[in-house]
Amino acid sequence: MSKTNVTRRGVLKTGAVAGAGLALPTYLAAGGHSGFANAPGDSSVTLGFNVPQTGPYADEGADELRAYELAVEHLNGGGDGGMLSTFSSQELSGNGILGRKVEYVTGDTQTKPDAARASARSMIEKDGAIMITGGSSSGVAVAVQALCQEAGIIFMAGLTHSNDTTGKDKKANGFRHFFNSYMSGAALAPILAANYGTSRKAYHLTADYNWGYTTEEAVRTSTEAMGWETVAAVKTPLAQTDFSSYVAPVLNSGADVLVLNHYGGNMVNSLTSAVQFGLRTAQANGQDFQIVVPLYSRLMAKGAGANVKGIFGSTNWHWSLPDAGSQAFTRSFGTKYGFPPSQAAHTCYVQTLLYADAVTRAGSFNPCAVGEALEGFQFDGLGNGPTLYRAEDHQCFKDVLVVKGKENPDNEFDLLEIVEVTPAAQVTYDASIFGGELGSCNPGA
Amino acid sequence: MGILEIKDVNKRFGGLQALGDVNLSVKQNTVHAIIGPNGAGKSTLLNCLVGKLIPDTGSVMFDGQSVLGRTPYQINQMGISRVFQTPEIFGDLSVIENIMIPLFAKRDGAFRLQAISSVDSQTEMRERAEEMLEEVGMQDKRHMHAASMSRGDKRRLEMAMCLIQEPRLLLLDEPTAGMARADTNNTIDLLKEISSTRNITMAIIEHDMHVVFSLAERITVLAQGTPLVEDTPDNIKGHPKVREAYLGETD
Amino acid sequence: MDQFILQILNGLDKGSAYALIALGLTLIFGTLGVVNFAHGALFMLGAFCTVTLSRFLSFEVDTGEVMKTAWGTENPVTEPWIYGTLGEVTGQTVIDWAVPLSILFSIPVMIGIGVLMERGLIKHFYKRPHADQILVTFGLAIVLQEIIKYYFGANQIATPAPAAFVGSFDFGSLIGFDANSIIYPYWRIIYFCFSLVLIAAVFAFLQFTTFGMVVRAGMSDRETVGLLGINIDRRFTIMFGIAAAVAGLAGVMYTPIVSPNYHMGMDFLVISFVVVVVGGMGSLGGAVLAGFILGTLESFASMQFVLERLPGINQIVIYLAAIVILLTRPRGLLGRKGVMED
Amino acid sequence: MFGLNTKDTRLLLIVALLVVLAPFLLNPFPEGSALAQFNAGYPDLMQRFVIFGVFAIGFNILFGLTGYLSFGHAAFLGAGSYAGVWMLKLLTINVIPAIIISTIVAGMFALLIGFISLRRSGIYFSILTLAFAQMAFALAASVLTPITGGETGLQTSLNDPRILDAASEGGNIPAPSIFGLQMRDSFELSVGEWLFTFNTGYYLSGIIMVLAFYVAIRIFRSPFGLMLKAIKSNQQRMHYTGVNTRPYMLACFVISGMYAGLAGGLMVAMDPLAGAERMQWTASGEVVLMTILGGTGTLIGPVLGAGLIKYFENIFSKINDNLLHQWFAFLPDGMEEFMVTIIHPFIGKGWHLTLGLLFMGVVIFLPGGLVEGGQRIARLFSRKKPSGKDGATTRTEPAE
């Protein structure tokens, strides 16, 4: 049995095996000539968009998919080009990637690591995808990233906020543009101190899984450094929907701030409970009681409705940012779909462009060459100011937004207002603090 | 000394004295009937013999061993089989399978894991099962779905399932209940044949006096949880107490 | 102490939610004997009755003006149509009261859905094995969910209670504690009271009406009742409709507590089965009792000092309690003998 | 042959043949053709077919034979998976020890849960198993994170000890292998427009599945299997027949749990990651659905059910509007749009809808599951004899 991981679907699809009518079987031996997995043919290249299409994050996934379709359109020269014109690296010219038309396949992660890996493997093995991207949870990102490392495929993470993705579980073939828990904490703490003072007592409710742990840890460390005290930290089951029994004791615990280390449905429900129990209007320790949500998304804000008003949190990106890149993207997305993009859409769009750019600069689809082109890459014009793809952990360092729920939204998409754009320098940390090893890049063949 | 010795058995359900000082002895290789009006405690007594109920006081000895505190399957392994009022068979299985299961239970005891050998390869067991089917005249029904048979056939099958285990004591709980006259007579013949050809003791609970007097060698009359009288059928027929307590009421 | 009382309130509140959901399920599952995996979906449909009504009331119509949006497109300015009919103030109030209003709206809708479901599908499955019932009702649940997802998306939809019910009631000062030490939100108190009323109504209906008596008789012996010339099938259909309405009402009232999404029924499915079985098959009272017991246990398990001693107990307390109860009481709390034991 | 009667031997040979030829059978459409989307002959899905086949066969040994409906079988799959990954991490990257240990660990776990749960029957048993599995899931995803990797899952990593292996060279985690042959290695055969993939991992799983199937046939035909069927049919009579049903039930439950553990071990051998959601009730529910969909109590049914559900999950979820437009490009524009609009709700993010409709369709029109469908088709062609209990499968009659 000859050993090969190379799938030749890409080659076949594009007609490289022209002798279609040949009755004689052709044995494909090791794909040594390209030196890496799923090398694309001459006319097209396939990307794999692996997003949640079912389950509670399906809407977020749908938004990611819209962004990917837009990115593909722009890469292939369609539409108004979006961020191609504002991107500091001007290598992409709308003729696909290295002259190959960009095609894509889609899959459903179901927000479950198993299903996400199954979907990613099918893209790699069946469709010959050269790069996998997407996802809306860290569990999925970490699982798919490890898979791509094994298979020798580049993984461009979608929405994943846990420190682990580029920390203890980082992989040479994986890259993350989205920010993480540490950055949320570092960006939020000064704003919280400025608005709520430095003598606050915080009560944490933390979703009982990896992302919750890293987020609690980050927010605790950075707020305690500002002089806050942590009164209690209670873990809540991921499957919880009614948080009354967790929220009810908060008011009498001596705390005057509630930090909700929750995402998605957890956050919507815990915030709703907190507001119902009067925490937003209560007084404690002679101060107004406050609620903080470390990670915000527009879909969450929408689900929680009026409850988010005035509540601080952080976000990776927001469509109301005034820079040219953000505006170009928002315009292009809004024109196509009729509403502005979410932060998940933004990070997915940017990751696709960054990948295409790296391939172009490297002049090759070889994951090792692409990885090298991305490592230490500095760029601007993609919405978050000057950004560095750090070589040590494949994490992007860029400005982080501190936002709060808007008091008087103009429309259903205008739910968050930007309070502060925390510069990248303030949220940068030493690459070694979270442990983990990148390993070496795997070209898959 | 009988094969089954019941001594001073009492059983209460709340305020109701279901059995009071029952003493009964069933001799080996006889057919012993227990009769009595509804609520006399016949079924309670039977359940005490098979391990479904435990008497409050007293002892039940089978062949010199106490059955009390044992579970139904352990009591069956001692050599007591039971026929139910409504035939309890394996309705989802074929007739031959119905026969083979008690045979396996007899051979292998209460539990033995034989997950790999095939049922079909157990030729000796199958032959014995076939013999039994012939004996009860069901050989041409061997592949029938047991649930789809007539009530009489089900009763016959259940009897065969008990007999193939070669029990030393066969307990019959109204074996002809709900049967047509012809079926009843067939059953009587079957039971007669069994008791004459095999070394088997039978204890039979029955309402139908025709059945009782056709089969029984000894009869115990139970009334209000207590044995009223025990005697041969002929003596029972004329016994004034029995007439008063039982026969007079029903007939 | 005040924390303790708070958690008792929480337990009653959670318990009333569990009891209400389990009540509808036990009518179908515990008594008609149909393993209804679509019960969660009925709960979810009830919640979406509220969403639909609130969407309908606040349906936006063009005012004729045009506004340029921040993301670069030109959109017409709109306002809810009801403003045009009732004026802005009244219109706003009606929209605000969408949740209570949908109680009225949901009852006929849910009964209709229940009857349709029973006539169209479930009645063909009374005599089929439980396995088939699971497969068909699970399939139905998925289909109903996907239809809702198709029209309303997967995201949660905020459905606040009327402004009049925002805020909390101060229990503490009522019973001699410090002010604000034991406060409880108005809507949750309403939910609790509503559940009690609904549970009482269902009990009274089954206990004191002829209809209820026939149904109860039919549950224990369907054939005999059928022989009496009573059309038990029709009554079972109505029963199914009532069960659907109970599930739906539980969903309607729950929307301000947890913003609904298409998946909420599945989240409740497992817990509602656990509650019904712990309560004991075929027992309405058992289901209600089990709901309150499990709700209270869950609340206590989430207290900080409990969690410090037994980390993770809040994750498993319901299942642990279920195991303990089922091992000590073979048929749950108040189960009838022989119902779904084989 | 193999101690089986002719019909069972034939069935076994057919299954073995299907497993061997699956790479051809599952890729009927030429590469690049519009219908290539429906090809399922790629390693991951083929592996899943046979692994979930093993899982469902094992579940059916419990449910099909005894009628005891376990709603927590995923716990054994998960326990097996975790044990497997730990073996790959600690012992060796060779999958054999991992698979064996997975099976044993799941068996022990099943012994514990079965011992307690089997004190009850019917729905009470189902809820007990459900409760145990949900506890296992909730704890694995949260407080047991150090052992299970939590929600992210347990993976192999660069600095695992792997005491039996030589230190790995380079910065890459070794891939699971069997005596040097990597699970993901494939051999590809191109015939004209067609491309067929022969994957090591698939064939290893396939061989194990055929073995598992063979063992299942033996169990179904054994005195043990007969006893289990008798327990399902009439537990009361069983007690009065001198049989202690508890050890029979427990043995059956453990065997069934070991099948699940074997499936879990194979899953991590193919793809070394074990996630907590593998233990969730939805995963337990899935195997229940697979078995019922295929045909409860039949030998081949559960395998078919597993295949069908996995096919929908992996193939239908990947169809998107883009593909629809390609398929219908030959139609006039208006018609094309119309067709895409009609089909759109059922594919991609709507694949659940299709699955739900499929469940309902099968149970309404084919009361015995897919096997019944197969029998009907067979009868249509042969018209020889009406179905009977003597078929290759032992179907339980649904109606009484």
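The chains carry the letters A, B, C and D, assigned in the order they are written, with residues numbered from 1 in each.
Just so we're on the same page, a contact is a pair of C-beta atoms (placed from the backbone, for glycine too) under 8 Å apart; a residue touches a chain by one contact, two chains touch by 3 or more.
Values in this document were obtained by computation on a predicted structure and should not be read as measured data.
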item	value
Interface ranked first by C-beta contact pairs	A-D
Most remote chain, CA-based centroid, reference being chain D	B
Approximate Å spacing (C-alpha centroids) for the pair chain B, chain D	46
Rounded Å distance between chain B and chain C, as computed from the means of their C-alpha atoms	52
Computed distance of Cα centres, chain B from chain A, in Å	74
Inter-centroid spacing, chain C versus chain A (mean Cα positions, whole Å)	35
Residue numbers of chain C (touch at least two other chains)	311-312, 315
Per-residue overlap in chain A, given as positions that touch at least 2 other chains	54, 58, 62, 208, 235, 237, 239
Sites on chain D at which at least two other chains make contact	138, 142-143, 352
Chain-to-chain touches, reported pairwise for every pair that qualifies	A-C, A-D, B-D, C-D
Partner chain D, residues of chain B touching it in the complex	50, 71-73, 76-77, 81-82, 84, 88-94, 97, 100-102, 104-106, 108-111, 113-122, 143, 145, 147, 161, 165
Chain D-touching residues of chain C, taken from the complex the two chains share	121, 124, 127-132, 134-136, 138-143, 145-147, 150, 266, 270, 273-274, 277-278, 281, 311-312, 315-316, 319-320, 322-323, 326-327, 330-332, 340-342
Chain D contact footprint on chain A (complex, rising order)	1-5, 7-9, 12-13, 15, 17, 20-23, 25-28, 53-54, 58, 61-62, 104-108, 112-115, 117-119, 121-123, 125-126, 138-139, 142-143, 146-147, 149-151, 162, 164, 169, 172, 208-211, 213, 235, 237-239, 437-440, 442
Touching residues on chain C, where the partner in the complex is chain A	2-3, 6-7, 9-11, 13-14, 17, 69-73, 149, 153-158, 160, 166-168, 180-181, 183-185, 187-188, 256-259, 261, 263-264, 267, 298-299, 302-304, 307, 311-312, 314-315
Residues on chain A engaged by chain C in the complex (per definition of touch)	54-60, 62, 208, 232, 234-237, 239, 241-242, 244-246, 248-249, 251-253, 265, 268-269, 272-273, 276-278, 282, 299, 302-307, 319-320, 330-331, 333-335, 338-340, 410-411, 413-414
